[in-house]
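Here come two complexes built around chain A, the first alongside chain B, the second alongside chain C.
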Partner chain A sequence: MNPAKTLPVLLSPRVERLHPPFPVFRLRAWHGLAVAAIVVVASGAAVAQGGPTQLSPIGVIMKWMPLLLSGFVFNIAISLMAMTLGTVVGLALGLMAVSETMPVRKVSWAVTQFFRNSPWLVLLFFAMFLVPYEFRLLGVTVPFPDWIKAVIGFSLPVMANVSEIVRGAIRSIPDGQWESAEALAFSRRQTMWMIILPQCLRRMLPPWMNLYSLVTMATVLASVVGVSEMLTLTSQVHAAEGGRPELLAPLYGFALLCFFVYCYPIDRLTRRLEHRFQVRL
Partner chain B sequence: MAPAEQPAWTPDQPIVRLRDVRKSFGSLEVLKGITMDVAKGEAICIIGPSGSGKSTLIRCINALVAIDEGSILVEGQEVNDPKLDKLALRRKVGMVFQQYNLFPHKTALQNVMMAPVHVLKQDRREVEDRARALMRKVRLEGKEDAYPGELSGGQQQRVAIARSLAMRPDIMLFDEVTAALDPETVKEVLQTIRQLVEDGLTCLIVTHEMGFAREVADHVYFTDRGVIVEHGPPRDILSNPREERTKAFLEQVL
Partner chain C sequence: MIRTTLVAFGAMLALGAVSASADVMQDVKNRGKLVVGVKADYKPFGFRDPSGAVVGIEPDLAADVAERLGVELELVPVISANRIEFLQQGKIDLLIATMSDKPERRAVVQAIDPPYYSDSVNILAAKKANLTSWEDLNGAPLCATTGAWYDKDVAQQYVAQIVAFDGSEKPLFALQQGQCVGYLYDQTFIQGKLLEDQWKADFAMPLEGVMEAPWIIAVAQGEDEMKTFMEETTMEWMKDGTIIELEEKWGIEPTAYSKRMHEEHKGS
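After this line comes the complex of A and B, so read on.
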């Protein structure tokens, strides 16, 4: 008999510390304060420079606020969809990484490493040019607009990072859990879904949320490929206002501020969870 | 009639029957031809120095470890068979580990209920009644809703025993279940096992508690370096061992 087949337990003998699988970027409160200060100071300076006939920078921001915010909502939508798609596929990849079948593990490993070690912008271009702009299915033509391609592009690194998070969390569960489940006649699938993964949840949540912050911030890369998200709109607004250089800092500062206001609470929550789980583990 | 067909098992035959069982991990031969018979309702204790292969031996019986050679019959069913239905075997054979291995995200009662509900697909309410009765049997009434992390080692180990019993096994395997416990809590766990033996459940117990072995075992096996050095009733093995190795071991632990 092949012991590897009968003993999935032996395949996971190591108990690894769970390292964040990517460099952790931490937003701090002072980042937001600094940005806010830039917006205010730059706006003030711009008022001093500009004549009375021109709209003040605050005025420009107010005027274009609905458009800019709609762009920001688009960024959030892209990030949420990329995160959802990436998480579902990444979970499958992570489960494949601990499969009992060697070729399945190898495939998962190769895919994960490839997409984890590629620059996000390159993956975005990759998705832009390799995914067709429409898709024919049973005579029905489903269009693939750029923003959907962007979602796919961002979901690739998410997928790879989620795969790593899932694999690490599963490996961190002691072998005794597998053994006692086996001895109670649980199948491998039941053990995974009822016993192992629920215990992984709290280990996975903080790195997963951190990943979400990163994805949200990365969505501005979509401007490079022409998706009308906030950064694209900001530069269009700037052009529409005559390209006045004194508007650059306030407009981009406003964009920064939007991201900060959205991501900072997520980051705080992540750290609170991390701390709580560390205490309880 | 197919030649491979095994005659139906009857309770007068050994419920566990090992013949020349061999197992190696890589180049390390851990079991070097183990033969033993366990009758239904019997309690046997396996003693021996650490590393002698005791854990491996009892793990073979519920197919947690696949053997290389030999035969293991559990209720007449061959365990060393690639076509073995492992899950069916494990429904008949319960096992308790040194490290309890309770599921930390479930309460004590849920730990006990999980396998009958999800593996045997039994009715949840009926299982709950039985689980509560088992919690009383292991004297943990009132701890049903506690999480494993909130229980002492001895309490966790008794929940682990109840969890195994909830599957209504015919055979129970105990692998040094008191080795990780404080001396005060060892007694309560041994008391629980003693009760099972008195109820007539077949028990294979790996233990370092010689006093306990003397009291409850029908038969004691002394193992060393992968072989059974000698075996017999506890008063022979524990009080008048014939083999030098047994004497040396007993002197060391007593």
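After this line comes the complex of A and C, so read on.
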């Protein structure tokens, strides 16, 4: 059908597409493949350089794969635990931020701002070197290994960021909800837990997942303080292979790939959820 | 909630301070386990094997100490930035981690004398160059790393023409390209390089090391029983040539220091 012959009233309204103010770069599946390809090509070039007696970079990665992946699992474990701990404390902190008592609000504000605006690495150092390696509780020695300290170190910024997410979500619920709840004789606590928070959940989910992604990628910072996570192991593997410079790119590329493969789907899912939960006014 | 957490933190810190006990030797025997800090990125002194275990000369020395004490061994990988803190905190009982002897280190931990090992300055030389003594250099170009403290001394003492590059990869590359007869660097590093097939074929370390830089084992301040025990153990190692055996086991040329110490203490 020729659109020119259609009556103008039958045409669907032309919607101006909203252009973002700056060009948006979105990672797509092929970007991951490109990264993988670069790693492989770099490895291939390295094979050409190395002598025939040497293990090729791919061979080196295969040989150390179980160790490196166990390090990666450790990163994931740290990120999950830090996220859990940080979310629980952050939720409390976020609720305190909307408390009706002024001092409680002030305390929450101070704690949130302090931990939100401190470098993650500094907080990690703080946790690493100030928390003792073991402590005695009623005569029993409880060891406090490095990974627990790392979890504490990472949960501090998570806590502060979750607090802001919670506060923001609660504030974004229209006042009408509070007023209607009051009219129906809900107490403040009931309103919060039965009416406001359930509505907040889906608003909080995308930024929360985003934060998780960031925490996962930040866990490699623990290598600076000597936790045996993936990046530490990668550099130790590099040393064990005689520090050959041509192994640098493939080994660290492998670490990069692991994190990409893990974080990319989270990013995609976040975007989909954001799209789905978009606030419609 | 936050206040409770802070109080809990404070309590933990206080309790932690209490838990640092005075006698490490007694602690080791009570728990039946010796905790030793070693390097995990310094081949062949301490490095990872594919199973993830830390192996090498220093882990073997640590195992020997544990055996002498009749306890189990736990190795903690350390890095230069945290090894002294770990020892001071009591997280490790003993530190055998390629630590050079420096006055400022002796001020904060107790060093075990005599030093168990010594690094020195040496040359990774092309076999073609046929070096047999330092005097053979005689004005020949020698690759080196910019900023190494010994570059100037070697240039003056042995009449070599230093060609300096930054880092250790560039001078090695220059050496491979034949721009110099050898690479002047830490002997332990050169020993590590010579474990690789790539270098073994055309390069060697034909000279005796010069300008020794001893490495020390350390225990925490005030742990005199442990210190005495480690001093005796080190003497035993020198007497029966343990360190030379380990150097051979891990494929490096026994150092002049190890051989000399063995000679000196053999009869005693």
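To be clear about the criterion, the second predicted complex is superposed on the first by the 246 of 281 C-alpha atoms of A that agree within 3 Å, B and C clash if a C-alpha of one lies under 4 Å from a C-alpha of the other, contacts with A are read in each partner's own complex, and residues count from 1 in each chain.
In this section, a residue touches a chain if its C-beta (ideal position, glycine included) is under 8 Å from a C-beta of that chain, and two chains touch if they have at least 3 such contacts.
Worth saying up front: this structure is predicted, and the values here are computed from it rather than measured.
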If you count the residues of chain A that each partner touches, which comes out higher, chain B or chain C? C
In the overlay, answer first, second, both or neither for which of chain B and chain C A:195 touches. first
Once the shared chain is lined up, is A:258 touching chain B (first), chain C (second), both, or neither of them? neither
Once chain A of both complexes is superposed, is A:89 in touch with chain B (first), chain C (second), both, or neither? second
Contact-wise, after the overlay, does A:182 reach chain B, chain C, both or neither (first, second, both, neither)? first
Have a look at where A:70 lands relative to chain B and chain C in the superposition and call it first, second, both or neither. second
Applying the touch criterion given at the start, work out whether A:230 contacts chain B, chain C, both or neither, answering first, second, both or neither. neither
For the chain B and chain A complex, residues of the former touching the latter: 62-68, 80, 82, 86-88, 90-91, 93-95, 97, 99, 101-105, 114-115, 118-119, 160, 163-164, 167
Taking the complex as given, what residues does chain A use to touch chain C? 50-51, 53-54, 63-64, 66-67, 70, 89, 92-93, 96, 107-108, 111, 129-137, 141, 144, 225-226, 228, 232-233, 235-237, 239-240, 242-245
How about chain A: which of its residues touch chain B in the complex? 1-3, 6-7, 9, 174, 176-177, 179-187, 190, 194-195, 198-199
Note which residues of chain C are touching chain A in the complex, please. 1-3, 5, 9, 12-13, 15-19, 40-43, 47-52, 77-79, 81-82, 85, 89-91, 169, 192-193, 195-198
